[in-house]
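Chain nomenclature is as follows: A, B, C, D, E and F, assigned in order of appearance, with residue numbering initiated at 1 for each chain independently.
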Amino acid sequence: MATVPAPENPESDPRVKAVFDDIRATRGSDFINNAWLYLAFDPQLLEEMWRDVKAVMATPSLIEPKIKEMIYAAVSIANACDYCTHSHLAAARAKGMTMAEQAELIRIVSTAGRTNHILNAIRPPVDKAFLA
Amino acid sequence: MATVPAPENPESDPRVKAVFDDIRATRGSDFINNAWLYLAFDPQLLEEMWRDVKAVMATPSLIEPKIKEMIYAAVSIANACDYCTHSHLAAARAKGMTMAEQAELIRIVSTAGRTNHILNAIRPPVDKAFLA
Amino acid sequence: MATVPAPENPESDPRVKAVFDDIRATRGSDFINNAWLYLAFDPQLLEEMWRDVKAVMATPSLIEPKIKEMIYAAVSIANACDYCTHSHLAAARAKGMTMAEQAELIRIVSTAGRTNHILNAIRPPVDKAFLA
Amino acid sequence: MATVPAPENPESDPRVKAVFDDIRATRGSDFINNAWLYLAFDPQLLEEMWRDVKAVMATPSLIEPKIKEMIYAAVSIANACDYCTHSHLAAARAKGMTMAEQAELIRIVSTAGRTNHILNAIRPPVDKAFLA
Amino acid sequence: MATVPAPENPESDPRVKAVFDDIRATRGSDFINNAWLYLAFDPQLLEEMWRDVKAVMATPSLIEPKIKEMIYAAVSIANACDYCTHSHLAAARAKGMTMAEQAELIRIVSTAGRTNHILNAIRPPVDKAFLA
Amino acid sequence: MATVPAPENPESDPRVKAVFDDIRATRGSDFINNAWLYLAFDPQLLEEMWRDVKAVMATPSLIEPKIKEMIYAAVSIANACDYCTHSHLAAARAKGMTMAEQAELIRIVSTAGRTNHILNAIRPPVDKAFLA
């Protein structure tokens, strides 16, 4: 249940159409997932979010695309974002993550969840050796 | 400022000594960082946390060690865990993460932080296509 | 799916009826939304929560009502509270927030989400100039 | 204690100097706070964060600047971001927020924090009436 | 809507069957709830999670079982984990928590939620007297 | 480093003095910890927070005081609230929590942290059997 209505004919707005066209071209797919569809209620927000996600996730960089989606999903799990967890785990699988790798990702994320809670409880001083 | 006192002579407890020895052997280093030192106030908690972290982080697996530390750091940043962020960024650097890769990690984590907040606000329905 | 059952005839309890009557009078509307209906399983919890929300949100103060609901919704988005996000965005719209203002709210909340994650990663020292 | 070193002579990099110059011009002040100084370890990250913050916070829009900083601070409090809470409360005060308004902001944020926890515990169904 | 498919015949895997048998024996019930069923997609993750939960929650210790489930539910509420909140409130009720005690639990959790937000906003120095 | 200044002579304000006197009488101690001292910058906020905390934590109820402080500390750890974690672990110890019980509390909190992250990743449907 969304907090904004899905636009009925979003691509009648040329700013929305331009973003959707770029999403399709960048991904090589006609599928526009609901995040972008609902964001079209505000073309500026849509443009900014796509610009950010494209720059970080769809542009060649030091970290390979599958790993980038796994890191993104890890943060989404920690932030309890339902849609984001679904969409970025799906994106990681689409880029080659196997179910065994997904299981390992969950092991890392949940072990971090455990030790984050332990160390937020213990609160030891940060070691000098860790300084950059 | 820790919520428990640092044990004065922790390795006088043989359970603590066994864990510390295994940490040193696993890492090939004599350095015991404060997380383990302060956890030694309770040998069982120390044993369990080291067992978990060793099994997930120090055992060969599908994901390479540097990437595992980067995912761990990403979750720690999202969970606002001060000690964990310092220690796992330092561990990732020790395993070869460059400052350029750290910067890219932060770009991914913070872009996820942005879109997590957008989608927690918009709450679009999860697309059928994302189901595993 | 709630973790408590909705009371079948909540206003048979005079404490519940008194709170519901005050909600209706304060809002000038007969509508009792589900948060209050389900909270009626425990009259004390209901009384305390309504007392708090009324004192902060339904009492004239320095910040205008629409802005108060927008701040409330912003916190609810950050805390990943589903019901709260829906109800306080709806309340803000009922008090005059336009869709353009809702879009701007989401831009602020999500930019904060991004920079919160960046600065939780970087952890610069707090500037002396920021002290109150 | 930062996770990255503060650059020693950050403005020797022309990309950093350009951002710092724009920060000074936009704010009408020579003061560069630590968030930007430490971010200068990676000019791209610095450029992106300043572009986002400037677009949302330093550009005339529907919501007045003081209120925007208060919403930003509210999210930072909810996300437990230390630096962000300090810097955006300070920015709100610099834009005219009084201590009485800061107290009211904290009342709203913390009442949201309370009811967010109550409703995450109760989990009532979202009312149809709240749909956009 | 899960991010992994529910295994069709999970107990055909002997590692899964061993865990499910131990869950049944430990609880004295044939019911296997969805958390364990879906986790069976990865037997190692299933084994580790059951080992942890059994060691902490189903083993006699200093804190009585009902209270342990209430603490677990409190953390789950704070972490906005939907499934966990449902399952641990149900477990606490199964161990004797009354609806009046559940209401008191929610009062404590939500008062903590409020003061956590207040003190994350105020950020007073930690008193020397609180040190362990 | 606080975001508000500590009032220099807070009890010159009769509303502050009344709250501080009630804190001293309720606790049977002259010690006013920093949370209350800094909150005195706004008497209304101070009155409301003390009213809430007193009603929930310092009033005889179904759950014993030591356990209430342990639940409060558990939520504070999950919310990454530094001051709150210190103060409520200290309060629990003052009410009789041993270091062995504190260690067990941390085991429960961190196991919940782990499984919360696992189930936020897996997202299994909530079992019908868990409904209240």
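List of remarks:
By definition in this document, a contact is a pair of C-beta atoms (placed from the backbone, for glycine too) under 8 Å apart; a residue touches a chain by one contact, two chains touch by 3 or more.
Computed from a predicted structure; not experimentally measured.
Contact with chain A and chain F alike is made by B, C, D, E. Contact with chain B and chain D alike is made by A, C, E, F.
Although chain B and chain E share one sequence, what matters here is the overlap of their interface residues, and that overlap exceeds half of the numbers used. Rounded to a whole number, the gap between the C-alpha centres of chain A and chain C is 27 angstrom. Separating the CA-averaged centres of chain A and chain D is a span of 21 Å. Each of the following residues of chain E touches two or more other chains: 1-4, 45, 48-49, 52, 75, 77-82, 85-86, 89, 99-100, 105-107, 109-118, 120-123, 126, 131-132. Those residues of chain D lying in contact with chain E across their complex are 73, 77-78, 80, 82, 85-86, 89, 105-106, 109-118, 120-123. Residue ranges on chain E touching chain A, taken from their complex, read 1, 3-4, 41-42, 44-45, 48-49, 75, 79-81.
On the side of chain F, the complex with chain E involves touching residues 1-4, 6, 31, 33-35, 37-39, 45, 49, 52-53, 56-57, 61-63, 67-68, 70-72, 74-79, 81-84, 86-90, 93, 98, 100-101, 104-105, 107-109, 111-116, 118-127, 129-132. On chain D, the positions that touch chain A within their shared complex are 1-5, 48, 52, 55, 126, 131-132.
Listed in rising order, the residues of chain D touching chain F in the complex are 80, 85-86, 89, 99-100, 102-103, 106-107, 110, 117.
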